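Okay, so here's the structure we're looking at.
Each chain carries a letter (A, B, C, D, E and F) given by its place in the written order, and its residues are counted from 1.
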Amino acid sequence: MEKKFDKIINELSDLSSVGNLYDIDGTRGVYPSSESLQEVMSLLRFLLFPGFYGKSTIEISTLKFHIGVAAEQLFDLLKSQIFSAIHFCSTDKDKSSVKSLSEDIAYSFIAKLPSLRKILSTDVESAYYGDPAAKSFSEIILCYPGFRAIINYRVAHELLKLGVPLMPRMISEMAHSETGIDIHPGATIGSYFTIDHGTGVVIGETTIIGNHVKLYQGVTLGAKSFEVDKDGNPVKNIARHPIIEDNVVIYANATILGRIVIGEGAVIGGNLWVTSDVEKGGKVLQFKPTR
Amino acid sequence: MEKKFDKIINELSDLSSVGNLYDIDGTRGVYPSSESLQEVMSLLRFLLFPGFYGKSTIEISTLKFHIGVAAEQLFDLLKSQIFSAIHFCSTDKDKSSVKSLSEDIAYSFIAKLPSLRKILSTDVESAYYGDPAAKSFSEIILCYPGFRAIINYRVAHELLKLGVPLMPRMISEMAHSETGIDIHPGATIGSYFTIDHGTGVVIGETTIIGNHVKLYQGVTLGAKSFEVDKDGNPVKNIARHPIIEDNVVIYANATILGRIVIGEGAVIGGNLWVTSDVEKGGKVLQFKPTR
Amino acid sequence: MEKKFDKIINELSDLSSVGNLYDIDGTRGVYPSSESLQEVMSLLRFLLFPGFYGKSTIEISTLKFHIGVAAEQLFDLLKSQIFSAIHFCSTDKDKSSVKSLSEDIAYSFIAKLPSLRKILSTDVESAYYGDPAAKSFSEIILCYPGFRAIINYRVAHELLKLGVPLMPRMISEMAHSETGIDIHPGATIGSYFTIDHGTGVVIGETTIIGNHVKLYQGVTLGAKSFEVDKDGNPVKNIARHPIIEDNVVIYANATILGRIVIGEGAVIGGNLWVTSDVEKGGKVLQFKPTR
Amino acid sequence: MEKKFDKIINELSDLSSVGNLYDIDGTRGVYPSSESLQEVMSLLRFLLFPGFYGKSTIEISTLKFHIGVAAEQLFDLLKSQIFSAIHFCSTDKDKSSVKSLSEDIAYSFIAKLPSLRKILSTDVESAYYGDPAAKSFSEIILCYPGFRAIINYRVAHELLKLGVPLMPRMISEMAHSETGIDIHPGATIGSYFTIDHGTGVVIGETTIIGNHVKLYQGVTLGAKSFEVDKDGNPVKNIARHPIIEDNVVIYANATILGRIVIGEGAVIGGNLWVTSDVEKGGKVLQFKPTR
Amino acid sequence: MEKKFDKIINELSDLSSVGNLYDIDGTRGVYPSSESLQEVMSLLRFLLFPGFYGKSTIEISTLKFHIGVAAEQLFDLLKSQIFSAIHFCSTDKDKSSVKSLSEDIAYSFIAKLPSLRKILSTDVESAYYGDPAAKSFSEIILCYPGFRAIINYRVAHELLKLGVPLMPRMISEMAHSETGIDIHPGATIGSYFTIDHGTGVVIGETTIIGNHVKLYQGVTLGAKSFEVDKDGNPVKNIARHPIIEDNVVIYANATILGRIVIGEGAVIGGNLWVTSDVEKGGKVLQFKPTR
Amino acid sequence: MEKKFDKIINELSDLSSVGNLYDIDGTRGVYPSSESLQEVMSLLRFLLFPGFYGKSTIEISTLKFHIGVAAEQLFDLLKSQIFSAIHFCSTDKDKSSVKSLSEDIAYSFIAKLPSLRKILSTDVESAYYGDPAAKSFSEIILCYPGFRAIINYRVAHELLKLGVPLMPRMISEMAHSETGIDIHPGATIGSYFTIDHGTGVVIGETTIIGNHVKLYQGVTLGAKSFEVDKDGNPVKNIARHPIIEDNVVIYANATILGRIVIGEGAVIGGNLWVTSDVEKGGKVLQFKPTR
């Protein structure tokens, strides 16, 4: 049996069998580490909402020390993870320029934290005022999965805008696994955004969402189809997801597909399949089922 | 760059920017710790079903020692977490009376464990007899996410009835993240309750469910709308979710909204949007789709 | 209070109250450990896609040492966990024959890893070519929950075919918790299989899926009803889930129930409830909702 | 460089270079694990002096549960470690008889714990009454390295008497590393034994010590020489260390060598080299040094 | 066997057998935790010599944040551990006064850290200038066990002066275990103090040591005898250890006993037993051994 | 109190108070990490004596995989730690040349492991044949602190010869703390070297020890005095410790000082202070003490 065991190990060590799938040539570098990204998100959640995430007791008099230490740790982690992400994905392998670029991006990102906290505060507010079951702001921040998913999305979106590859997607998938809510970092989402319950929500890459929008669990904002190039590959980066205007509410399990516009103030009932525009203030409800 | 870094840290340390969102005045206390609640649930799962959760080998002759140690640890953890929850949420800050109240509640809760085990046993049975894929009772207890979500719900509901704030919601969100099943601790649910597969199930705060009810994945028992007071705030604690009577089955992705009654023995087909009462024994099925 | 505490502990130590639920007679053995199965899956993911899971830096020159060590650890863990699974579930308690059987199965399973890697590579390819948002093969392997669920499924299915009880289900539930995708290990699934986003997908025990099939989030491939024997118990192992032929696409939240056939190349629109056959190339779309 | 690296790895993998030193033939078994022995000692210290080692808070009403759980854990660990020790050292490799023997020994050892606690209590007393710097019994148990070394010795000695090889020595070396006190498990030591400060104390294998004896740091009770057999190997198990009678005090750094008798009540001054008998009540002091 | 096992557990649970040794009456409180004291010492070593202990990289610009966080953690730990120590040892059990006292002491101690760092710096210097093998100040701080033992001593001594019981002794025993150097916290030691190698050094409770003193390994500064009261108990707190004046050097393994004075600038050779005063500048050497 | 707390933190953050003690200018680099060196030694002990250290079960058929993985980990750790050591200690701060140098040294060191194993095997042999209490070679390797200290010494000495600063001393201090045996890495020690019991042994930097030498606990091979330069600093690197020729035995607590020669086959009795040469075959014993 030992002989055969060796044979299996040799087969498994030979990556050429699935070689075009991924190359290991020593120059590819290392992808970002999911453990480090978990730590990045823990630090970010603490920095954005100290007292609710991370250390549960905070005192005004010493808060700045904790913020300072966390910000430095975040900066160090971001530098190295952004470096990995860029180095892994790019063909340009000049390490020192990538390093300096990563440092600039990490700094720019951290400089945006105060404004990130502001917009996230609007999301807390809208969740509270839109849910009779919510007892306090604290409960939203501590317990609501929708809010956690939005934190990850806003962070990932900012990193994507700064040009970081791969890592934003990993961060949004972390929230997806934690909450069942899948928001592509490429989507554009306004303030006062609420996702209630949230399991099964999917928001595609080119979706545009206005302010004061509320989605319930299971809502899909997806693509109806996509173009294929002459080699049969999907054409990337084409606007193919819905535009949701201000003050729209979409109920549970509705599926909205394609580059359509759901007009301001519209209400979409649950369990619907919507593939064409809905006018401003429109109300789309389900058929009456047979009994 | 150092100068600016200091500026960011100062901005992040200044909580007044989002001040009305949460106050940190040294008297607020500490919210319950999610790590401690994870431990609470591990101890509870062991105490309720020793041999299936926690230590995998148990012997009749020494079981009582393990039960005794676990019960004492649970008592200590519950006391401190209930204290945090009450102290964090209440305006009355008399620490010693809160402490003694917390201890009483912790004890009362533990005294209910034997009856909790009994009702949970009915849930195991109904899952087994309702699923041809289930090979044994053990498989239900060990693998079925629906059952895990129900354990957390029954625990959270008991704590809520004893007057503990915040913590029940945190416990039910732990199950939500683990299983994709979101049961509000305020819901009232009878015995022999089954959730199959379960991802995406939402059961709202004022829902009432009878005995021998079965839900499939993606079922929402939600609110259709809610009242707003003169300041525009939602009125809390109004009955707004469905009443599901005994022996009802609701198939995948059905959305049942509002304070309606689904009568005894009714069957609701999948992917439906139901907003009005269904009579006893009624069968609601979907329309025929266009081909 | 001490007196009563003792009483509760005695009650909790007395398992006869729910005795028929599970027997603890010292001969039952120990169920597989979920911690060990987590480790099994980590080792497997590394062995199947070294450089993407586990150690992030790999070098061709020393890869074989890491593969060798991981394969030996996997073999040891599998032996003991398969032993537990068989011993726990079977009435035949001859330990030494179970031990030798477990070792044979563990070896047979490891011998299949190279071909498992091959078929999983087809799944990576189809995810990449079917998603405009995917930037590279790497992104699929690193981030896509659908792919992680398929890894667990293919592993669990292989173990089930080798006769291992309980453990395959535990492995598929691990993926369910991580991704919201619930694939029963008993299902049969061809190559080039894609699940996009995936939260809420349910694939039942007797489902048969061809090659080049794509499912979106929330799709259920379930049973419509099941037979009950003269004692009221469900009859196990009856074909009751759909057959999905090659090149079928099923959109978000569709519910396909019963032993029906979805013919080659068919397209099923989202949010549908389908309980009868769909012909080859058929397109099933949703009704027009009322506005 | 890679080529040479492989060469080094091959050389290191070839154990025949130092082959007579240790054989690895698959039948030798596994030596006791030092991690497990650390755990054994933690459990033992807790069982012997609950409230001083291990869990720092104990309550009379629940103590029995903790004792019960710890005793069961100890029993399990001892069984497996004694098995390893015997299996590793013996040429008789009948696993099942070794297993049953190990279980018997583990049980017999645990049955001796109450009397071990009693004799150790005499050691606490004598340390307290002999040291003006000691503030309480608690301080002895919590802080005094001499007492910790004596616990390990008394445990190791008991295991040796029960026929366990290797493991007693490993346990006494653990104390040696922690305290600098090296007591061979083979030594025979009476009650009310004190070692003050203790660093550098060595007590040889065939030493016999009476009751109420006190040693200071750096005292050696060693062998002067040893017999060699015709092959030049030392003859094992010959009495070659001192006999110290009741009520003897030996001051710091004294070196007492050979099978000599230090008579009852004798006092040996520090920094001495003593190789012949000292009569009952004798006082041996150092020369006057040159100034 | 089960019956007897229960009997052993009952015996072990009955603490009355050695009852006068330690009382467990629920009011005794909890002794300081050695894990917490390890953490206390790690924080202290970092605060005193940042960049050498704890985080190995430090930057001037962010050092204050790390110092601030560490100081707060230290303060919290000290408060609780000092509380335990006082509560455990004292008969006065008024919790709130002990709590406020503990807080005051913790604060007073932290206020002394800057001066502790200064005197410890003199110890680094003297170690460097007195050892040809020392390559740099850094090497002393990073590697020299003598210096580590002195840190613990100076900390423990400060705590003792502030009236903390038990804890100082636990801290000095931690150094004893790590380095083999046993300095009683009650000893008084001047600046520029060096212990070279250090294993086996013992410095008794009432020892007084001047400035610029150097001890080698194995040196004992002990008591020759002690007074006993009418009940046979040793009289506590009587001056019984040597006074070592400035600039004294004592070589390896010398044993200096009793309240004698070793005069300024004296040199004591190794392996000596000294029980009477040595004059200023005196040199005590060993006899010539027989060959 | 808050105000003063800030003042203390500012004082502690100001390193200029003890500024000449250590400079922190951002270019100094990072000293080697003691955690990493612990890991280095664990890997080395495994590589040198697989089956006795690290993984306790080894099989000939898979040993090479484990050796390969461990050797690669060791190489990576050594590279970075050697880099830190050189960068920290040197004034030349050209990072890339230091990096390449570190890699060369790490490789050269690993290439010496097979011969290190050989000479260490002679030490095992001599310990076994010289101790009637030793039951097997295994016992020496598993339990004898003298042997552990010699492993660390031989490793540290090799690294020192390859030009690595600081790190050798840190490695020998790790053994010092574990065993009480302090061997300076600069000492030169032949084969078949034994230290019995060992606590308190000190072997100075310029000591030279032949083959087949045996030392007992407490033996010092030290310097009598050292030269001071015109600034009062000790002159480094002058031969000032003893030369011990082949086949010498030195008994417990003997102190041998200065650049003297202990001739071949000499025996030095315990507790002696020796500062002049001992002739070949000489026997030095202690005076007769006064009674």
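In this text, contacts are C-beta pairs under 8 Å (C-beta built on N, C-alpha and C of every residue); 3 or more make two chains touch, one makes a residue touch a chain.
Everything numeric in this text was worked out from a predicted model, so none of it was measured.
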{"item": "Per Cα centroids, the chain farthest from chain C", "value": "E"}
{"item": "For chain E placed onto chain F, the superposition rotation in degrees, Cα atoms, nearest 5", "value": "120"}
{"item": "Equivalent interface to B-C, taken from E-F, A-E or C-F so that over half of the residue contact pairs match", "value": "E-F"}
{"item": "Far-end chain from chain A, centres as C-alpha averages", "value": "D"}
{"item": "Classification of the chain D:chain E interface as same or different, half of numbers criterion", "value": "different"}
{"item": "Distance between the centres, which are taken as Cα means, of chain C and chain A, whole angstrom", "value": "26"}
{"item": "Whole-Å separation of chain centres (CA-atom averages), chain A against chain F", "value": "53"}
{"item": "Junction residues of chain F - those touching two or more other chains", "value": "5, 9, 64-65, 67-68, 180, 199-200, 218, 253, 269, 271-272, 285-287"}
{"item": "Residue ranges of chain D in contact with chain B within the complex", "value": "62, 64-69, 72"}
{"item": "In the complex, chain A residues that touch chain B", "value": "47, 49-52, 56-60, 63-64, 67-68, 71, 75, 107, 110-111, 113-114, 117-118, 121, 124-125, 129-133, 135-139, 141-145, 178-180, 197, 199-200, 216-218, 251-253, 269-272, 285-287, 289-291"}
{"item": "Complex contact set, residues of chain C against chain B", "value": "1, 4-5, 8-13, 15, 17-18, 21-22, 24, 26, 30-31, 33, 88-89, 165-166, 169-170, 173, 176-177, 180, 182, 184, 186, 199-200, 202, 204-205, 218, 220, 222-223, 226-227, 232-238, 240, 253-255, 257, 269, 271-274, 278, 282-287"}
